[in-house]
Amino acid sequence: MSKKSTATETEGLTQLGHATSLPASPDQAVLERVPNPHPDQSYCIRFAAPEFTSLCPLTGQPDFAHLVIDYVPRKWIVESKSLKLYLGSFRNHGSFHEACTMDIGLRIKELLSPRWLRIGGYWYPRGGMPIDVFWQTGEPPKGVWIPEQGVPGYRGRG
Amino acid sequence: MSKKSTATETEGLTQLGHATSLPASPDQAVLERVPNPHPDQSYCIRFAAPEFTSLCPLTGQPDFAHLVIDYVPRKWIVESKSLKLYLGSFRNHGSFHEACTMDIGLRIKELLSPRWLRIGGYWYPRGGMPIDVFWQTGEPPKGVWIPEQGVPGYRGRG
Amino acid sequence: MSKKSTATETEGLTQLGHATSLPASPDQAVLERVPNPHPDQSYCIRFAAPEFTSLCPLTGQPDFAHLVIDYVPRKWIVESKSLKLYLGSFRNHGSFHEACTMDIGLRIKELLSPRWLRIGGYWYPRGGMPIDVFWQTGEPPKGVWIPEQGVPGYRGRG
Amino acid sequence: MSKKSTATETEGLTQLGHATSLPASPDQAVLERVPNPHPDQSYCIRFAAPEFTSLCPLTGQPDFAHLVIDYVPRKWIVESKSLKLYLGSFRNHGSFHEACTMDIGLRIKELLSPRWLRIGGYWYPRGGMPIDVFWQTGEPPKGVWIPEQGVPGYRGRG
Amino acid sequence: MSKKSTATETEGLTQLGHATSLPASPDQAVLERVPNPHPDQSYCIRFAAPEFTSLCPLTGQPDFAHLVIDYVPRKWIVESKSLKLYLGSFRNHGSFHEACTMDIGLRIKELLSPRWLRIGGYWYPRGGMPIDVFWQTGEPPKGVWIPEQGVPGYRGRG
Amino acid sequence: MSKKSTATETEGLTQLGHATSLPASPDQAVLERVPNPHPDQSYCIRFAAPEFTSLCPLTGQPDFAHLVIDYVPRKWIVESKSLKLYLGSFRNHGSFHEACTMDIGLRIKELLSPRWLRIGGYWYPRGGMPIDVFWQTGEPPKGVWIPEQGVPGYRGRG
Amino acid sequence: MSKKSTATETEGLTQLGHATSLPASPDQAVLERVPNPHPDQSYCIRFAAPEFTSLCPLTGQPDFAHLVIDYVPRKWIVESKSLKLYLGSFRNHGSFHEACTMDIGLRIKELLSPRWLRIGGYWYPRGGMPIDVFWQTGEPPKGVWIPEQGVPGYRGRG
Amino acid sequence: MSKKSTATETEGLTQLGHATSLPASPDQAVLERVPNPHPDQSYCIRFAAPEFTSLCPLTGQPDFAHLVIDYVPRKWIVESKSLKLYLGSFRNHGSFHEACTMDIGLRIKELLSPRWLRIGGYWYPRGGMPIDVFWQTGEPPKGVWIPEQGVPGYRGRG
Amino acid sequence: MSKKSTATETEGLTQLGHATSLPASPDQAVLERVPNPHPDQSYCIRFAAPEFTSLCPLTGQPDFAHLVIDYVPRKWIVESKSLKLYLGSFRNHGSFHEACTMDIGLRIKELLSPRWLRIGGYWYPRGGMPIDVFWQTGEPPKGVWIPEQGVPGYRGRG
Amino acid sequence: MSKKSTATETEGLTQLGHATSLPASPDQAVLERVPNPHPDQSYCIRFAAPEFTSLCPLTGQPDFAHLVIDYVPRKWIVESKSLKLYLGSFRNHGSFHEACTMDIGLRIKELLSPRWLRIGGYWYPRGGMPIDVFWQTGEPPKGVWIPEQGVPGYRGRG
């Protein structure tokens, strides 16, 4: 059972429970972690982040995406508020769709050393064609339940 | 009853029942009409045309739209094949969204002198923002049933 | 209360409770009526008939439609089995979309002399464009509840 | 405010808080009412009852319906458990779709003397054609908010 | 324009920007208001609150609802954090569906003296039948845009 | 066949058929079981619990979730009323999303010693990002049918 | 080809083509079979039965379910009318959700000795929590196409 | 590339490009084929045919279905117009749901000798229960992409 | 007809057809207009902008919204690229939901002096409750067709 | 990390950042590529192109399709603007559905030499029957995440 671990889980965190301003860039964002409350079980955690925006590195125009991140933790889970601030740090940062999605996935992987991780980046259309990017660290671990993300495809109009 | 009027309705038509090629422009398209089979009743006819495309007059790039046309006929109804060819004639024709939608509505109105007509142009997004254009010839005639077109709004992704 | 009226309501009917074969044409179909069980109330009855098919009078090819009929009865309501057989009688009968929808509405109106009636004909696409036909006998009677038919528009693909 | 009225509202009820068996017929069902907690306001109460079943009076075969009841109370509101038992009492009772829907609406109206009431009966298809029945006691009272019931139409397959 | 009014709008508030615990009951909740940033315009504000729960006053069992509140402000608009805490204060409070929905609407009305207000309470089913409650303060003000709430009806299974 | 086992199945239960109040915490809740009516067959039982709420252990603010539990019983199945009361016992209990979902799954597993079990916790968004937690006891048993839970992803607005 | 087998297929049946009353209990229902028209092919037959109802064995209150049955026939296929009557025979029969679903699956299995069979029971919510039951006779036969049943999960309100 | 093969592909066809009347029965229908434009690649072709109708061999009443056919061609692909006419030839032909679906699949298989084929027959409900029939010629070929057909299940009403 | 007006419509514009960077604030954005191509007709133009983001003036955290703007032009229509840049200029600008939505509506109104205008702001949830803001300049002009915006309500999870 | 690679990635491109006109045919279109920003990771890129149109090679009439392309890059990724122009080049080019879909897939494969690629062509109905074409270069690479495309099937009307 995990009921007594609350205090331990959150000490040392720099952002949770404090007023925080949006980091100026992904490099300045502090992505933090807390102990996995159930390190002896293999389970999957999903974050849906429909409020993602960055800039096009060629034109400086805003880009928008719906991101969904799935991972199977080992020793650590990501602290949600720091994840929110990290994603917010792309607001004025230029990045191509493919690289941006991958970079986010790789950074979380680096922080958590999870058993497995995947990220789906569902970008809003440009030139009438949306791009989706799907990456995972490899074959999902056997015996772990990882449902499809099921984000609806882009239909245009009609 | 309207069962015996088939022959009369279609004679004089130049396109129905013939092989026809796509008109090169809206000006060259021949929009045709047949007698209203129930001229003594007020009813509404709806055409949904999700296969519409034209060109952007500034950039020459293709535009796409889903069009829905509703009208209450008086003496004439539009002949469907000629309508299809007329809509197809915008394929290599430059036109802004607002003007294009209006022009189609006005041309059908001119042909049919209907009691009432409306056109909804549901354009695919450009720059992340779709434009819809809604025009009707005026207040719908009293006592005639005209359901909403109900074309789903654009949702982006997520 | 209407509980004792069952016997009266159905006597004289020629099709209900009997084996019946499909009438060869709308003219041969016998559309029947039973007494309105609540003639002192104004209410609306809706039939949805998604299994309608007729023939194109020009090409002989099959046409399909989803029909929805609403009416506010006066003295009579339509007997459902006879309605089903009447609609089935269009199976090998040629009729244009507009006329066919109207003819069905007019025939039921003639049989029932309802306070009000409407019919929506939602035809499957031909040449990429479906036709819908919407007819009602006039302004709906005041104070009677008549919800929208809400049949989804045609979206093409995507 | 209505916070202290709980005891008063429920005393005298014969079914709420007791084990109850299904009444054998609508006639044997005891439909009960409690005081309107806000008799000085005009508001609408909606019950959705997707678990309704009765018998066909001709064949004895089961019929099913989704019922939705809206009303604007005056002095009384219906007690939900008694409503549930009343609707359950049609289980082995023969009734035509049109009459059954109307009878339920009329019985609740008689009990409550509401300012206004309506019932929508959305019956499962027979012979491929579902019947809906829509009844209201008259023009909805002015200034009261009564949203559409919005029950999806029957689509067949595909 | 309303750009400079931020400081004024929030001073005097007791909960916004402070750590706050859930009020023990609706009576102990402090519902607060801020000046309407556009008092010279008639517009509608909608809050959707799908996270509402209270207790059944008869059984003590939890009830759940999705609430949607629309109002047209006069001098004041509700401060969102205090609204959230007020709604949270029903967590361990007993209230019938009809009265609970009405009480919330009346309390907000009392605080804001809006031009107009309505509340829709969409309760989770009990005994297989959900109850919806719809109340507004009267006829919506003319010329103000108030879209339907469009909460999907309950469908049971299938 | 299982028709005669009803009496046996329910004797010894402390909550079914009795008035019961909400347990004050998960520790005080009594989760109960009854014999599997078909212990010689491998089948899956799913409970959907869209009415779940707990408290955030950091802020004391309410959290909401939609839970779905699937299991393949061995000797026992869970008694539904006790499950409902157990889930209700989190109402005033602080728990992080990940730990809470896992704890529920582990407790049911402990009670039933099922052949297999999984739990999906679909939490309402906080900070714009909902968390889902997916756990199963291991690879699903071969030859048993376990459909996807298919809970729609969070889409934000639009 | 199977075109000439109609007569053979239906002779000996006791219910098809005759007026039949609802059997009083599952034990009294006569479930019948006809020869598989394509015994040399492995294919799957699905029946969706959204009109199922039984009684709660504890309280006598009605329960409702949407059932979906899939099977891969060997020598026999089930005769639809007898299946309908068999399902109707639960109308006044007490049965728990889990056992009821399983019993139906086992009875059809016994009648047909199919290569494989599964049944999904999607029950309407009680106490806010619906139960689904999923059973199959074992691993689906290799090379046979058996799509997911895809019955939408229960969403509560909102 | 396949650009020059058009002439070859269509020569010898008897129906494409000609006026054609509906064949009187499946036996009289001429199902035709054209060369596979990419015989060196393994790909899947899907036809959705929501406009299918036949007759019940017992009662002569119309039946309707939505058919979806998938196949992986070898040397030949089916010519669409002849497929349409073949499906239309069931219009006045009696056939049971199971046999009819299978017969269509077998006839196309015989014509094309494809690497693999499947057919889904989604029939409209009779007696409140729709039948679906799913057949494939065997295990799908490895490495070929064959998405699920995803035809929505029948939901009844509500 | 409007076909020859392209050149005139776009001359004098400072942004269309040029590389442009995102304005630093709404004040610095240049919202531009072009002549209405059909000034003699009353029609409605809708822009859907699901890619809107601004900052919370209290916390500096990002806010997101889906905006939909409808207007009936008089002499001018808005130039889409400048509208896109104007909306983009809120990216690093602090604004409350209600004021932000209103300010955008008022600015476009000021630029175009339209016959009528409305804006719907559908904001992403904060604290579990999304806010929608609905404003129009007054009663819609008679005889002009203005469909509902139909943006789906927020449902939480489940 | 890929942050510094922007300049390198786009140099040598002939279309990105330039005004470009629609190529007259697929042969004249210049499909371009840029370096894969994460060549050491296996990930999938999806383009949805709902704005595709070509001509029927037999009749010259327009055809429409929704295309979805998935691929796992090796050294190169496709440059989006050139892909858009390539797809636009089919506008006045005749091609059968099956061949057209395949040709597009093969051309992108030839350009990129990806680890794996697939294309789904979802064509609008002709003669009431839409054709879908599904092709992939072979078994998807192990350990790479490739979600289903999930394009809704064609439903006709109703």
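Remarks
Chains: A, B, C, D, E, F, G, H, I and J, in written order; residue numbering restarts at 1 for each.
To be clear about the criterion, a contact is a pair of C-beta atoms (placed from the backbone, for glycine too) under 8 Å apart; a residue touches a chain by one contact, two chains touch by 3 or more.
Keep in mind the model is a prediction, meaning the values are calculated, not measured.
Shared contacts of chain D and chain G, meaning chains that touch the two of them, come down to E, H. Within the contact network of the assembly, the step distance from chain C to chain G comes to 2. Two chain pairs, A-F and C-H, are weighed by contacting C-beta pairs, with A-F ahead. For the pair chain E and chain I, the distance between mean C-alpha positions equals 28 Å.
Averaged C-alpha coordinates put the centre of chain B at 55 Å from the centre of chain F. Rounded to whole angstrom units, the spacing between the C-alpha centres of chain E and chain J is 48.
Among the residues of chain D, those in touch with two or more other chains are 50-51, 64, 66, 124-126, 128, 130, 148-152, 154-156, 158.
Taken as a contact graph, the chains fit none of the simple arrangements: neither line, ring, star nor complete graph.
Of all possible chain pairs, the ones that touch are A-B, A-C, A-F, A-I, A-J, B-C, B-F, B-I, B-J, C-D, C-H, C-J, D-E, D-G, D-H, D-J, E-F, E-G, E-H, E-I, F-G, F-I, G-H, G-I, H-J. Interface residues of chain D, counted against chain C in their complex, comprise 57-58, 94-96, 98-99, 102-103, 106, 118, 120, 125-136, 138-139, 148-150, 152-156. Note for the complex: chain H touches chain C at residues 19, 21-22, 50-51, 53, 55, 59-62, 64, 88, 91-92, 124. Contact residues on chain C toward chain D in their complex (touch as defined above): 1-3, 5-6, 9-10, 16-17, 36-38, 41-51, 66, 68, 77, 80-81, 83-84, 142-152.
Residues 50, 64-66, 122-126, 128, 130, 151, 154, 156-158 of chain F are the ones that touch chain I when the two sit in their complex.
The residues of chain G lying in touch with chain I in their complex are 155-156, 158.
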